[in-house]
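The following blocks contain the structures, represented as structure tokens.
What follows is a pair of complexes built around subunit A, which joins subunit B in one and subunit C in the other.
Here is the complex of A and B:
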């Protein structure tokens, strides 16, 4: 056995070290595991998304060959009062859902925390509307609650007790809020259950310490519970913004955007332009605007994270 | 080993004989949404009978609640059913313009369809001199009324605007809703009163001129028609102030119980009349929509087509599809049985059918309708429904924009200005369905 060979210092600088075979095989395995989901995502999400983005710059009736028209679809939308009305309705919808269900859910989740008996029963009751099909919930409210002949409001009207005077779904000034009310009825319980799960993760010692310091219910909420579940609240708010710009089902089933465009939102307008008036190019342009608005919410979320916010 | 050989030989024989055993070629048809009962009616009265009568072809029908979208995707991909069914001419037109449908001229000559179908229907289904579409059925708007209620109050069915309005006022005074109607759950229903008022106020000639670009839609005669419709709405005559809340089940119940007196509705409502009045035991009848001005004739029927039938350019079996279309329009027993079980949806627009053919299979009021409308159409006394003769963007605006008129957000003049603007754009773009010459 002779002396070990020595390599002069610096002789390997700039020469990439060959990766061990085991590492390469491990990476390959990783890609193989990833491939099915990746292929599915590229095929089902990325390609259609890119096609939709491309179609936004075309004139296409959904059947003929698309013709490139540049920014015409966006110019047409900018001049279309129905589009601006729909966008404004989305903004109103977002503001409603950023406040009403979140406040309701926080209050109820906090109260649930103080309840010992029947907690699971309450959670189940709150969650039930979430698992009822949209069409069923919508029809129940439309026909059994709001209806001027067969509904609860109809009965109240007969006795002079209807606070709306008629069917609020058919009045342009109350229609959007009425549909939002129905959507919120099915939605807030879901958030309440999520907030309750987050609240249960708080170390009880912290709440007990606050108790010992003489903090009341609202002070515990403000200074202990809310700061500790802030990541959950922020995430739900970001998701609420994204979902609010995609809202379609309750509106389409209950009012189909009417009466007189009063409940039209971007998603219902997109559907109508694509499948009723065969303006697939313009529908794609609206869809792109919806994506951009959702993208702003995602960007805000990423920005908050990068600024060190615990979200 | 020998057993295995025998088994393989038997299998080979079965496989080689299989094509002979199934010598019938399959013809495919994707049908629009239907209830389970309606599916049964189509299968029993047509599909099963057709298949029993044929040695060469076997019809396979598939019901699709999302037909338009499924069909569009399939045709764009160069596949789809042999028989292409659409919700109307405006829906079929882009398929024709983009070469997805087969010209039917050869089959029409061979089977005598030109002589069998009403000439206006052949014109409607033609594009650039070729026949592409056959109407599955035709429809029009009429005035249904509660006969029991009318008899009780000594009212007579109206024939003109003065009589109609006098009746409506008399009903209002009794707390009865004059016109049972509503759009809850089906906003598209808005186009029905618009269609009726445009036709029966402005008249067929003016409608023809506007559809062919010779008269703008914001001409005074059309604006006046919408003003009249709005006047009726504001008086609470349409749905008694609950128009936006009433589904067809709601307003048919109101009519069949005598809480409403009349409804201006399409011939698909014949089925509803039978169903709802059957439950209350009251009587119903129908008359043509009264003339609402001196521009409109009486009686005349605004014509619509609820569904078109064509043959796919990429059909695997176009000849078989033609046989299906031929049997469907020629076999009187099949047609009358379909009408017996599904009235209003199978009025095949052929010369060869009259009230006698229905015998006692259908309600005599329905048989009378089929004969009277066929005669009126043959004599040129027909108008133009929005859903058959208007292009898609204009139609969509009419459905949504008329609500703004009723809600006081825009005037009838502004509404018709916008209708005219969109229509002229679509006329320029070639999106207006063909209008048969008068």
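Here is the complex of A and C:
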């Protein structure tokens, strides 16, 4: 994970009205100012994205002329256990990231709110893993912690203390959770900083009132602070769902989807099918499924908002 | 706050343990970057004795980090420059011009910020391949600009909206052109926003992996993270040198982050807080 987080509050708020006489010229100039950004976006993102949607219905190796095959790619995927395994891993990934980092972040952000000293220091420290390149943190964890010879777990093994009995990254039943652990290491602090910023906007009088009533840390968190930052929590959960279906970097660098297909996710599968086995048509179909799943999350969010939910 | 004070000790213990969790792997990276293969395999958590600076010399040479860092600087610099230009222009238009299709444009840009790279990666690669744009650092910077500018536009638009209209009106009365008002009057006022965009976009393009590994395949053109990825795939047991290379790539980022953390955090969490 690590995509930009931007659903700005009030992004669609009103624009000041200029004098009507100049409006048409003003609008034209507006488009001129917008043009460079829009042309770049349309050329790099929109047009290729539409092509992907088209290519999903073709048999194409990336070089030859694409051959229209209708729904064949999707039928093949439906019968492909690797695809279903990857999709299931994305679902597990989503469930992990909807719970572990969000709970950690909520507890830590609430704790930061109660301390007098070191708020900014802790915040900075928790944020640091987020600015380290994925490739680097992935290698550090892989070689310095999990590795049976050079890693901390290897050292524990030599002293008979390794709770996993070996390298959890090379064991198909623990590999996915191990990579998720590393991803969460770099991720939870980012969410904690966001929640902390939201908590700081709460009127301190409300929290003090809860104190006066004799509420302890957990009661205060459950009955006062969490309900008040619910919109931020819901937004982060929606973004978590979207990002969880896109996860690529940590898995590709650490396990490349292995051992076997135990850590394969839709993004790594797309990449391999497109650039390693040259099934670009089928890779496009997987990319389309991935995007659709993220699209469902966005649509659900917009729908909830339109129903008047305070999210 | 009396009841809470009693539990402060517990809270600080938890916060400090988690700080150790966040920093621990990075501390291991730094310590082991000064140690030999043998020393690391004996005890990965030991103190370097002696400090083997030679690891850094080897990492710099064997991983061609000079070339890789130059490539990263070029791609990052060009991306930051292009993004700041196109995003501030677009943000100005979206904040100040009455454009009827505004809600459509805004929705399009919003979708762009969450669109998966895989959705456009495959055709884009084969188009660029045909156009001879694979293995071009400038072409990669253009892709980054397209990818990161929607974020930059939303962030900068908020800054433009905070500028009082009276400021421009004075310039209009003096007969300034649109472009002059934009560059001479507004840009200096929103400079802090541009700074935030530059830092965040700079960080993202410095660290980016998926597009860099796909579009720069020639070893002489690869960015630092990709070069590190390739290098560590080859020299899998020379852990000291590997960690030294990691420190070289990561150090500038961590120094910049710690020095300018407020701006980085403001930019990276922009839009996350709903109040």
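Keep this in mind: the second predicted complex is superposed on the first by the 290 of 311 C-alpha atoms of A that agree within 3 Å, B and C clash if a C-alpha of one lies under 4 Å from a C-alpha of the other, contacts with A are read in each partner's own complex, and residues count from 1 in each chain.
We take it that a contact is a pair of C-beta atoms (placed from the backbone, for glycine too) under 8 Å apart; a residue touches a chain by one contact, two chains touch by 3 or more.
The structure displayed is predicted, hence computed values, not measured ones.
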Which of subunit B and subunit C A:98 touches, first, second, both or neither: neither
First, second, both or neither for A:172, with subunit B first and subunit C second: first
Partner chain(s) touched by A:62 [first = subunit B, second = subunit C, both, neither]: both
Which of subunit B and subunit C A:275 touches, first, second, both or neither: both
First, second, both or neither for A:40, with subunit B first and subunit C second: second
Touched partner set for A:150, first subunit B, second subunit C, both or neither: both
Which partner, subunit B or subunit C, touches more subunit A residues: C
Touched partner set for A:231, first subunit B, second subunit C, both or neither: second
First, second, both or neither for A:261, with subunit B first and subunit C second: first
Subunit B/subunit C common contact set on subunit A: 62-63, 143, 149-150, 275
Contact footprint of subunit A on subunit B as seen in their complex: 68-69, 72, 75-76, 94-95, 97-98, 100, 183-185, 187, 241-247, 250, 392-393, 396, 400, 403-404, 406-407, 409
Residue ranges of subunit A touching subunit C (in the complex, touch as defined): 2-9, 11-13, 15-18, 23, 26-27, 29-34, 36-38, 40-41, 43-49, 51-52, 55, 62-63, 104, 107-108, 111-112, 114-115, 118, 122-137, 139-141, 143-145, 149-152, 154-155, 185, 189-190, 193-194, 197-198, 201, 208, 211, 214, 216-217, 231-232, 235-236, 239, 242, 245-246, 248-249, 252-253, 266-267, 270-271, 274-275, 280, 283-284, 286-288, 290-291, 294, 298
Subunit A contact footprint on subunit C (complex, rising order): 1-4, 7-8, 11-12, 14-15, 18-19, 21-23, 25-26, 28-29, 32, 37, 40-41, 43-45, 85-87, 89-90, 92-100, 102-103, 105-106, 108-127, 142-143, 145-151, 153-155, 157-158, 161, 165, 178, 182, 200, 203-204, 206-207, 209-210, 214, 224-226, 228-229, 232, 237, 239, 242-243, 246, 249-250, 253-254, 257-258, 261, 264-265, 268-275
Contacting residues of subunit A [partner subunit B, same complex]: 61-64, 142-143, 146-150, 166-167, 169-170, 172, 256-261, 272, 275-279
